[in-house]
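These are the structures in question, set out in turn.
In the two complexes below, chain A is the common chain; its partner is chain B in one and chain C in the other.
Right after this comes the complex of A and B.
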């Protein structure tokens, strides 16, 4: 990785590493909710004859616990600094640097995700594995595909949140957009329940026409080898395509936003 | 010429409510035909009342705001079209904005900026060393920016703006909200930058002491237009601001007494205090004449206040 990118990524990592108490509290909360969700889903499975929408016990435990871990890595609930910086006018400092803010934010975000993998992802995953036993992939390549899928999920989440941040150039107050995003991304990404429980047409529409399943359900399905390696590859290709599309949309929206720019309160 | 602007304009469209539902669009000119040329190494004070168009001009010069009209080049580049190229050659400090990373220690912000601007290690180290000595950064360089006081942060901002060796430094109210000591530190530092002469500085401020201590040339803008462009002395000359002698006397000032080359502007304290504005004569001549005419107890000579002159300018 070239030095600028490396420096930005490691700065992103260290920015979050300074908040130790928040990290501990976050991992604790994710774990508590992991127990709650896991017991609920397992009891649903028990009453439904051992599976829910084709997921067995270990798959469901994996879906819950790795999902709890991915929550902080993908971070679809946290907004980027961008929106606040647009509102306060600090974004002017971002525009006065010789690098494109899109990339500056993206590399910083990757650093943040790395930190979250090492802390908030590992803790719930380990606790889930000890308390419930997680699904063990049959193929070694699944681990690599899961890593790729998670990276793509981080990037999809980043692009969506960057677009929300850019909307502040027009709206200034983005609370409405944020609330809508939190609802839709939670529901349509498979965070609240596995997407397979939805009617077939709806779940297919979400997978094909929106990037949302790529945020959560994608990496989790890859990990539990749902549909085998073939499906995992399909999921990854779909995610990568969404990353490409969303980055282009971000570039376009940013160009529009900068053209429109009137820095607030100066 | 490192900065050149001719007929620079910026119009904003604002909607005004008319009646219950109707709105009317009005065009407001924040900057209305500013001509400005700055030579390399110059230190320019750019002042004006709130809303005069200072920050708007600065944004157009740095490329974050597109002018509505006129021509502008900075370092030979069109600022908006070449914003990222220009960014490597200019440094900017907005007193009320921050370019540092909130969560990271100052030292890490600096090293990140080194990578972003691709500054060679040795140049970065040399500039950082100079800034840390002059601005006494050592005591807080490892502190996260969010924990710094305003004065410390501003010293950090100045350093951050200079680490890539910019040709032009734009400072938008760098001393706003600072205590006396921090202001002094910032001014001394900027005076050093000016003395070295390799960086052109454009300074906007409301603190006229900044201007008096730092800038030979002063551009005053009001309602988007340049109303004065010259030295501080020229401004005094233009508004006939005069030095003043205040004398305390043992006996009251005799009615109708006049002195050559000075005007009596007030007689107070039952005639025991007289204020004379110099008008053609030197202070020495007037004091000598004064001492010959009346018994003097005490005496002071006051320089004209730049604030008074600027206030006259804003009001006119």
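Right after this comes the complex of A and C.
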């Protein structure tokens, strides 16, 4: 069985590696946004006396630049083609295969994420490090925790987008749900501003009750060692728990959805 | 049979587009609502950051609101009319663009009509409403030039963004996967113009504010309306030049578009 997973992962990797021009274009855009957002946050920090919600200059630069890099890795904006396959009926072929489509998509996504780490993540991180200087973690274990946290972020993002794709079984057209998801995941994941800027009760509620901070703010807080190793471990445990819960929800929703499936003419 | 006028044809294409987009009603309502929320979130983001230090780039809440609202109104209006012309790359890849060229109407006009996205109406209305509110609360010594300028400026800003959308789409004639590069200047431009330009630093600020002209969307017009000097030292008369800059941008975009269409060789298969 590991052969199948390896094949699916490398297929996902190669699928995205084909689009070289798009990769260059994407990295360019991330870089422009990196400059833009980094200057804004540094200017805010200068007005507020050096820090924004406890993040100093290098922490803010890391938050912005590695955040721009993570954007393509976590890919919460790109929808899976599942919904389109549900609408066109092609999903029937996926369901007939010996591997559950949930796992097929998941391994493919991991391949995609690997490619993005090597390209779209590395480029903004390097440019940010050269242009602004990023935060250097004090402990070596932080790098390992960051890798784990990023993997969990990729899986959380995948589960949410898989659920959105499954919603096509009921809605057929998922554009509405997608726009809503882009709104919520953007704001609640800490993409637009660090979540710590929000009032205490709101950011706590987001951390405890929703998986969204695990998409962006989680890995970034681990990287800048906010709250030390203890907090980083807590973040990782929370993310892994969400991955477990969301995978179960995906399984359940898929079982319900398949029962709704009517093959044309049947 | 009398031939229908150009306007009638465009109206028909637009109406067909609107009907098709409103077919999945629940989905459409969701989209309309969420796109308004997104616009509100952009403004809210500015004020979340404002609240951290009690100011942005040395400006108070009323000036920041004026800049952010002007940027939102300009971008949303442009996005409504031209925001989807970047679908050109899909049309080129599929070879559908050839059929647009065969018809006796302007290719750009048809492209606008077939990519019109009704859901963005909500955003444009919200942006223009916010701009009106910002004008009312801002500290402005109203006179005739300022009144005219205040009316014109969201539309010159919109025309500026439209030029960017067209120029960005045109790149697809040579580079099909270029969508993201255009985003850096369209969506990036929206984010850039939402904040006072003096917050940025170094060559990046000079390039975007003056070199690419983004300062003329919201920053300089807001300074002109409130009569404030520019912390960057740009002379006062230049603050009123947004319409001229927009005119230049439109000419450049039009020339670029014509050049692109003339060099279009179809997909070849």
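The rule is simple: the second predicted complex is superposed on the first by the 261 of 266 C-alpha atoms of A that agree within 3 Å, B and C clash if a C-alpha of one lies under 4 Å from a C-alpha of the other, contacts with A are read in each partner's own complex, and residues count from 1 in each chain.
FYI, a residue touches a chain if its C-beta (ideal position, glycine included) is under 8 Å from a C-beta of that chain, and two chains touch if they have at least 3 such contacts.
Computed from a predicted structure; not experimentally measured.
**Student:** Can A:53 be said to touch chain B (first), chain C (second), both, or neither?
**Tutor:** second
**Student:** In the superposed arrangement, which partner chain does A:11 touch: chain B (first), chain C (second), both, or neither?
**Tutor:** first
**Student:** In the superposed model, which partner reaches more residues of chain A, chain B or chain C?
**Tutor:** C
**Student:** Taking the superposition on A as described, I'd like to know which of chain B and chain C A:197 touches: first, second, both or neither.
**Tutor:** The answer is second: A:197 touches chain C but not chain B.
**Student:** Could you pull out which residues of chain A sit against chain B in one structure and against chain C in the other?
**Tutor:** Correct list for chain A: 19.
**Student:** Under the definition above, what is the set of chain A residues touching chain B in their complex?
**Tutor:** 3-4, 7-8, 11, 14-16, 18-19, 88-90, 92-93, 95-100, 104, 259, 261-263, 266
**Student:** Looking at the complex, which residues from chain A come into contact with chain C?
**Tutor:** On the chain A side, the touching residues are 19, 21-22, 25-26, 28-29, 32-33, 35-37, 39-49, 52-53, 171-177, 179-180, 182-183, 186-187, 192-193, 197-198.
**Student:** Could you pull out which chain B residues touch chain A in their complex?
**Tutor:** 12, 55-56, 59, 62-66, 83-85, 87-88, 90, 92, 94, 96-99, 101, 103-104, 108, 111-112, 115-118, 144
**Student:** What does chain C use to touch chain A in their complex?
**Tutor:** Within the complex, chain C touches chain A at residues 24, 26-31, 33-35, 37-38, 41, 45, 48-49, 51-58, 119, 175-181, 183-185, 188, 191-192, 195, 199-201, 204-205.
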